[in-house]
Amino acid sequence: MNALALVSQLGGVVLAVALAPLLAGWVAQCRAWLQNRSAPPLLLPYRTLRKLFRKDAALATQASPLFRTAPYAVFGAMVTAAAIIPSVTTDLPLARVADAIALVGLFATARVFIALAAMDIGTVFGSMGARREMMIGFLAEPALLMVLFNAFLMFGSTALPTIVKGTLDADGLTLHPSLAFAGVAFVMVLLAENARIPIDNPGTHLEVTMIHESMVLEYSARHLALIEWASWLKLFNYACIGFTLFVPWGIAPHTAGPLGLLLAIVWLLAKLAVAGAVLAVIETVSAKLRIFRAPEFLSMAFLLAVLGLLVHLLLQS
Amino acid sequence: MMPPLNLATQLLHVLAAGLLMISFAMLAQRRTRRLIVLLAWQGVVLTASTLLVAVTAHLQHLYYSAALTLIEKVWLMPWILLRLMRRLGIEGDSDPLVNIPTLMLVGLGLVIFAFGLAQPISSLATTVTRQTLGIAMAVILLAFLMMIARHKAVTQVIGFLAMENGLFFAATSTTYGMPMVIELGIALDLLVGVFIFGIFFFQIREQFDSLDLHQLEALKED
Amino acid sequence: MAAVNALATATPLAVLLELVAAWLLVGVLGLARPHRIAWVARLLFPLGALVALAVAGMGALALSADFAMQSAVLPLGLPDLPFHVRLDALSGFFLLLLGSVGAGISIFAAGYFRQGEGTAPGLLCLQYHVFLASMAMVILADDAYLFMVAWETMALSSYFLVTTQHRLPEIRRAGFLYLLMAHVGALALLLCFGVLHGGSWLMTFDSMRAATLSPAWAAAAFLLALFGFGAKAGLVPLHVWLPEAHPAAPSPVSAMMSGLMLKVAVYGMLRISFDLLHAGPWWWGMLTLAVGLVTALFGAVFAAVQTDMKRLLAYSSIENIGLIFAALGLALLCYAFNMRPLAALALTAALLHALNHALFKSLLFLATGSVLHATNERSLGKLGGLIRRMPWVATLALVGTLSLAGLPPLNGFVSEWLLLQAFLSTPSIPHAFINMIVPLGAAVVALTAALAGYVMVKFYGVIFLGQPREPSLMQAHDAGWLERVGLAWLALGCILIGVFPQAALDAIAGVTQTLLGTVIQRGPAPWWIAPVAQAQASYSGLWLLLGMAGVIAVMFVLVRRMYHGRVRRVSPWNCGYPELTPRMQDTAEGFGQPIRHMFGPFFRIEREVPSPDDQLPRYRIQIDDRFWHGLYLPLARIVGWLADALSVLQRGRLAIYLLYSFLTLIVLLVFVL
């Protein structure tokens, strides 16, 4: 572990935390363009954060300490997750601490905390949102795990940097049919987990249809800011997991110097821009599913990922 | 880690995987119109795979068969089916009998079964593409499953055609295709089959005012 | 001084036997003043806890690398059939589990049991300690005779504990079902030992180890063992007693049954399948794996729709036992293909999960006990908001909840992580069909783990969060200090294993060394595990915890420094709806609704939905186990029918009964001639 590794580790985390609102703003902007609306400013999420942090927190009278701790826990889990995803470089000292399974575990931790906090006040929408979030989560979580296992079967490691290295070091282009299945499954999980359109609508304020929003209804000011930031970070993390598994080109290898890292950041920005635009397109062309269809959608993702495993085992044996 | 395969084999694997994925998409698709589009896509994948085998194995007759596939399965059949649907005025839902996750789960079981079944056979085969036999069998079984799970007449035809796609894929990828005469014969049979089905549809609708195959249960003697 | 010297020179096995005797003594002392709660609870139960700690210590000694197996013959038993005992790494591990978790439960029980709840406290104390001692003896037994005696003692003492409140008919019914299943299982075990001696008619485990069985007999022994121990552990379809008996028992007893007794069944399975039968062909592993996975999924799905907090935990125990048996099956499977390191990994996962489950499930059962005492409610529909009235119990239960949900950096995650790693390595199994089916196992494990998260959010959210659903809950009081210590002890175990996983794996290494002759790779530090190879996967609970805590601390300080920490207390916003009553929250039924909807075919649902113009709308739903109606009730009918058919023999006249005996005698004589 050298100094550069530490710097890139810390820098990567700070970059993720700083860029996450930008990605959210970019997706919102693309969506607005595609839907013929005038777009909100790109930097709106940052302004929202500043506004929220300044406000006084209005806390329900019966809120327990758990309710006040949860935003920090969720944010902490998401930042830790960002630290082990090789978004810029594969030289991550922390990646040895937690692998892909732990990454899924971190997402689960965040989800459980936010669902518990939603149930804490005892309002109608809070508990309904918690139930729905857990319903989505219990299918999305294994689906994501199965997607990651596809990568494991290819490179024999659950450590994300090793997976990236495996693709980057491969001589010649290797096509992995199982990755096609994993890719489709991953996009489906990404949409569901980040409260995107076929499952949830991040822009909605119709109480009965929303999931994520109804969980955080009782939050305000700095708590809400942390939760929102964490959810943007989650989208960012998911995007970076996607890059890690499917388009790792541009991520700096171990040997890269400072210049290589800068180049990798440029690559990351480019990939994020494309991914954000694609996400906006998907959201625009698809319609929101009834909540009862959500399990169907997610079990499809889960089974597709499992199918990927099977196809890999068949074709590579 | 496995030894790297050559590019053509890898491409064929990707196409096989694509075929399988389309089969699953068909299993989960509710709307008949989209089913037909998926069927056409299956034709596209088949054409590509046949072309690929033709190029790598330098087999003249596979070029013809690829062209035939393109015309028949990508253009002609979907066109006829879509036209039929428009004429019959049915462009609505085709609800599966069981819920979709269960259906997919059964499909997954079938895939394992097919893969397991193909394992001993494909180890005997000599061509480079032997692993695809399992996928081809899975595609056939999935199409069968789709036919069982649906109760609209049009979907039955689509399932039937998808099944033939699986057979065709098995033939091209494992034994470099069937003799031209047989292939032409099958193509014609399919065409005639679809025409006859089309006539049947009109008959069924005239009789029962619906294309729901539940109506046929009324024919049973108690 | 002499006593200390004697203790220092005594072998761990001898000390253990004395400790077991001490447990029995503590129990008998309870009879001295059966109704004095101070005597029983404040003195005897803490004493029992101390003994339990000593048992755990001795178990840990047996796990150290330089420990040689010890055995002894006791001057007890039948004239020609003395009791054999033995202490090796496997029994050492389970004694460690029994002692360390038992200590926590005993301390809690010291504060929990009180006057006027069915059985007198002194008698309860006897049953309780006999239960503990018999479990220790099962683990120490080295011959089939002692094993069965201890096994039956365990079943009987736990039966009496389950029926503590024997005045309630449903508790008597649950107890009867439990006893019945325990005996059906014991019968299978008896037959299993009958097969195992291989014709030598020697009942010691040593002779069974040496016996060579034909494959068919070995398979029969294995299947009987799977049935017998499966009935005790609660494998599907032998699980029906578990959700009845666990809720019926007082909470510390539920904790012991779920946390400890089920693990004793796991111990028995390990002892027979690996030690006595030396594992077998691959289908043994496949069968165990399949049964385990089905059990795991079944338990998780049923736990999600329960409305009684203890039944929910009981089903969750079924789920976890399923995971343990799945790991065990995987170990058998890999062992059959002679893949020792992989088998060691799977076995390690099974053992660690057994320990973890003992810790967090006991913790949660005890927490429900505190809730029960504070509120007199077991139904989730009448609880809620207890985090504000019972902060201690709520906080400690949160640790158990998060562990059970398998969240990092707690212990439940570590064992699930190991299990998944084991599953991931299976494509190297040299069998085309199996290596395709096994990844599906990983999928089921992942799904089960995620469902456990769902269940736990429901459990914790409905009991401790939200608004109190009954006005009486406002009078709930927090647990006493003894109860808190018991809970905290178990919670500490959950945290420590989660943060220092390698330390736990080191303890398990002795077991895999004994059973499989190999160990998994050691991690670089006590807080860092890398069971296969550093390049494949590594995990460090401590660093993960530090990372998360660091981020949280930095964020907290930053927010306070750069902005402020001002808070205004207001009434909840609730989208502007003014009326907000506790009845508007999700009920337990409501929270389980998505699962009920999705896994509909699993359940046998009876639903009563009010019509729109009902004057007194009533909604009722009952979710039953299909096995109960599809398997057990028909079986019971067949048994009843057979009994009816046999009752023609019953005439009530002595002469006829004498005639039966006479005829039997004649028939036997004819055979002899």
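The first chain written gets the first letter, and so on, giving A, B and C; residue counts start at 1 in each chain.
Convention: a contact is a pair of C-beta atoms (placed from the backbone, for glycine too) under 8 Å apart; a residue touches a chain by one contact, two chains touch by 3 or more.
To keep track of the chains, here are their UniProt names: B = Hydrogenase 4 membrane component (E).
Keep in mind that what you see is a predicted model, and the values were worked out from it rather than measured.
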| item | value |
| --- | --- |
| Set of chains adjacent to subunit A and to subunit C | B |
| Selected pair, greater C-beta contact count between B-C and A-B | A-B |
| Middle chain, criterion being Cα centroid separation | C |
| Approximate Å spacing (C-alpha centroids) for the pair subunit A, subunit B | 36 |
| Whole-Å gap between the CA centroids of subunit B and subunit C | 49 |
| Subunit C: positions in contact with at least two other chains | 432, 436, 440, 598 |
| Sequence positions of subunit A contacting 2 or more other chains | 156, 295, 306, 310, 313-314, 317 |
| In subunit B, residues with contacts to at least two other chains | 101, 108, 112, 115 |
| Subunit B residues touching subunit C - in the complex, by the definition given at the top | 101-102, 108, 112, 115-116, 119 |
| Contact set on subunit C toward subunit B in their complex | 432-433, 436-437, 440, 598, 601 |
| In the complex with subunit A, residue positions of subunit B that touch it | 1-2, 4, 7, 10-11, 13-14, 16-18, 20-21, 24, 28, 99-101, 104-105, 107-108, 111-112, 115, 118, 131-132, 134-135 |
| Subunit C contact footprint on subunit A (complex, rising order) | 53-54, 56-62, 64, 66, 72-73, 75-77, 79-80, 83, 94, 96-99, 101-102, 105-106, 108-109, 111-112, 115-116, 119-125, 127-128, 130-132, 134-135, 137-139, 141-142, 145-146, 149, 152-153, 156-159, 162, 207, 217-218, 222, 226, 292, 295, 302, 306, 309-310, 313-314, 317 |
| Parts of subunit A lying in touch with subunit B, wherever the complex brings them together | 156, 171-175, 177-178, 180-181, 184, 295-296, 299-300, 303-304, 306-307, 310-311, 313-317 |
